[in-house]
């Protein structure tokens, strides 16, 4: 039981990193990133491939983060030229293309067969559950650091300006400031967080394949951002926890309801995500933690 | 690549392009009038196609009824979600409608897969052999597909330019406030708009199913190519959507000898990026995607 | 010396000619007004001069330089500010934060300073805060300084926009209907403030307005636009007596 809870907590914290990153991009800066899973995948594969080649974990994690952040640079540049809704579809297309490349370039990624045997985090601590606990603690530390840095960023003049950009970009330009620089930076920061989450994911699950990086993951994170409340870091934390409860809860629910297969449960989960996106957008766009309307 | 191969690819590409043009038209209509990309467009196609499959399962002899079932389903789903979701979001920032449309896409697809599973389905169509002109192959099905697509587009253009409701739709697209002020019943215009969107998606789904096997994901997978076709042709331009679709279809087919068949969506995405970087207005567009 | 010159501006939208060979100029420390019926093209003119839209043809010169190719932010950096007909406040930020966000050359707005330069950023913010507080006092917004800008009334938002653009230390400000939605009692007060800014800080103002009486008292030179053209310009009192101007407004809404 304890090891199950630790595992759930680990996945929850991975989602939290993803949510904090997307919240910075969308909640605070107004960037509609529908391709978040791409950077999650890039971080995961980069770190996995390096460690499978013999690299130690820590530098591989860092490289995963950096590569994901750098990959966001061209996408970020695009955001300068596109209004919100086009950025959304372009980032979506980017994510689908990334997954396609992972699937097709078998020489690098082994395609749909995936990469098994990825080194565990804290492998040296053996199989007694200590490795998982140590992973959990590390993840908690990472999340605390990410949240702390984010809160600091948001309260700074930089944070003021990105929120101004979200509220009215034309006015920002009329005041002589260039939104472009910040938008690209924010895009890269959020992507780097996603890359870090991806590295943790790869080395926790120890097997990754393109199927784990469907666009559905992006929208799980969107649900977490929306439910928690865009533009509030507390919202990102709360939202990702609610998301985990939902995902894990649905596994239990299936055990309670006879006659529902795992595949059907996946459909139910998708339906609930879709419904939640619709209902929260209409009735509670500011989310649970939000006071002000977005 | 021999000449024959080239022509075959060209023909395939044109037919596929006409197929993509249908959801591209649906997208461009919504962009022009409601001003947001409807991410549920693909899944409207999927639902309609599966409705046709369902009708065929019950009444195996009638292709026409299956087609009608698809169109009915398409119109129903488009209008219902407009009335329930998009109308409630009028006046809100466009991201709201966009995110909600993702929700609709997921909801529609998941309800479908819950009852029907993930298996692929096919339409029961009479088997036909391709005509062969010295190596240049033409499938009669393809001719029908192309014909129906062109007819649908012609009907759309006729409605937009020759009927009062079409004129009103174009007026609302140009300037919604002015349209309302001139006494146009915007509510009615929007309902008609979504009915048309549903019809276009239904036809797209039907024709796709006539050519290929349908899975619950096929509509979603066509979203990026449809969007690319719309951008290439120019947002808000129905002519652009068709031309863009055909160009995209041809580009995708011609790329196959070079990058393989799996990379079609990447080709669509690449073309999309190219247009956005070089000429965001697209071929015939008036509104720009860029700032 | 002429500060701002717009010459022969032509602009079409979807085939409709919105600006048809429009020219105007503003001297240094000038107070210029632009009036016209709705749809005369006034706001479009501001949009072209500020760089939001590109003109189909024509020149815009500012402080002796041709700024026609520059994007809005570069024009603003040279000292040409503008406010908007419908206020564009940063809704989620407080009034004070709105002004702080407008301050130019703020080192605190770089990523590096966020993580490495806490103390200097704090010092800079204090300095900018003093400036912002000065404008907040000047514009009588002290009562709402800590409130989110979205909660302000229409008139207050207009004042907020003015405060924001003043943080820029502009040489010339394009004011698009600064009195709209403002309590009529306050219009005189705002007029006085504009005049004060003009004399004490040498800021030139170009004002689009519908409140003809208030505008007449404020500006030195008045342009009248109708259907995309300038139909009269000169001394405000004389221009408003001009029969052509009267004719243009017959049946038009002022």
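Think of it as A, B and C in the order they're written, each chain with its own count starting at 1.
The rule is simple: a contact is a pair of C-beta atoms (placed from the backbone, for glycine too) under 8 Å apart; a residue touches a chain by one contact, two chains touch by 3 or more.
As the structure is a prediction and not an experimental result, all values here were calculated from the model.
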item	value
Category of the chain touch graph - line, ring, star, complete, other	line
Most widely separated chain from subunit A, with each centre as the mean of CA atoms	C
Whole-Å gap between the CA centroids of subunit A and subunit C	42
Subunit A and subunit B, separation of their C-alpha mean positions in angstrom	30
Centre-of-Cα separation between subunit C and subunit B, whole angstrom	45
Subunit B partner contacts - residues on subunit A that touch it in the complex	32, 34, 78, 80-86, 88-90, 92-94, 96-97, 100-101, 103-104, 216, 219, 222, 226, 263-264, 266-271, 273-278, 281-282, 285
Partner subunit C, residues of subunit A touching it in the complex	149, 152-153, 156-161, 163-164, 166-168, 170-178, 182, 185, 231, 292
Residues of subunit B defined as touching subunit A within the complex	36-37, 39, 85, 88-89, 92, 94-96, 98-100, 102-111, 113-114, 117-118, 223-224, 227-228, 231, 260, 262-263, 265-266, 268-269, 272-273, 276-277, 280, 289-291
Touching residues on subunit C, where the partner in the complex is subunit A	50, 52, 71-74, 76-77, 81-82, 84, 88-93, 97-98, 100-102, 104, 106, 108-111, 113-115, 121, 124-125, 148, 150, 164-165, 167-168
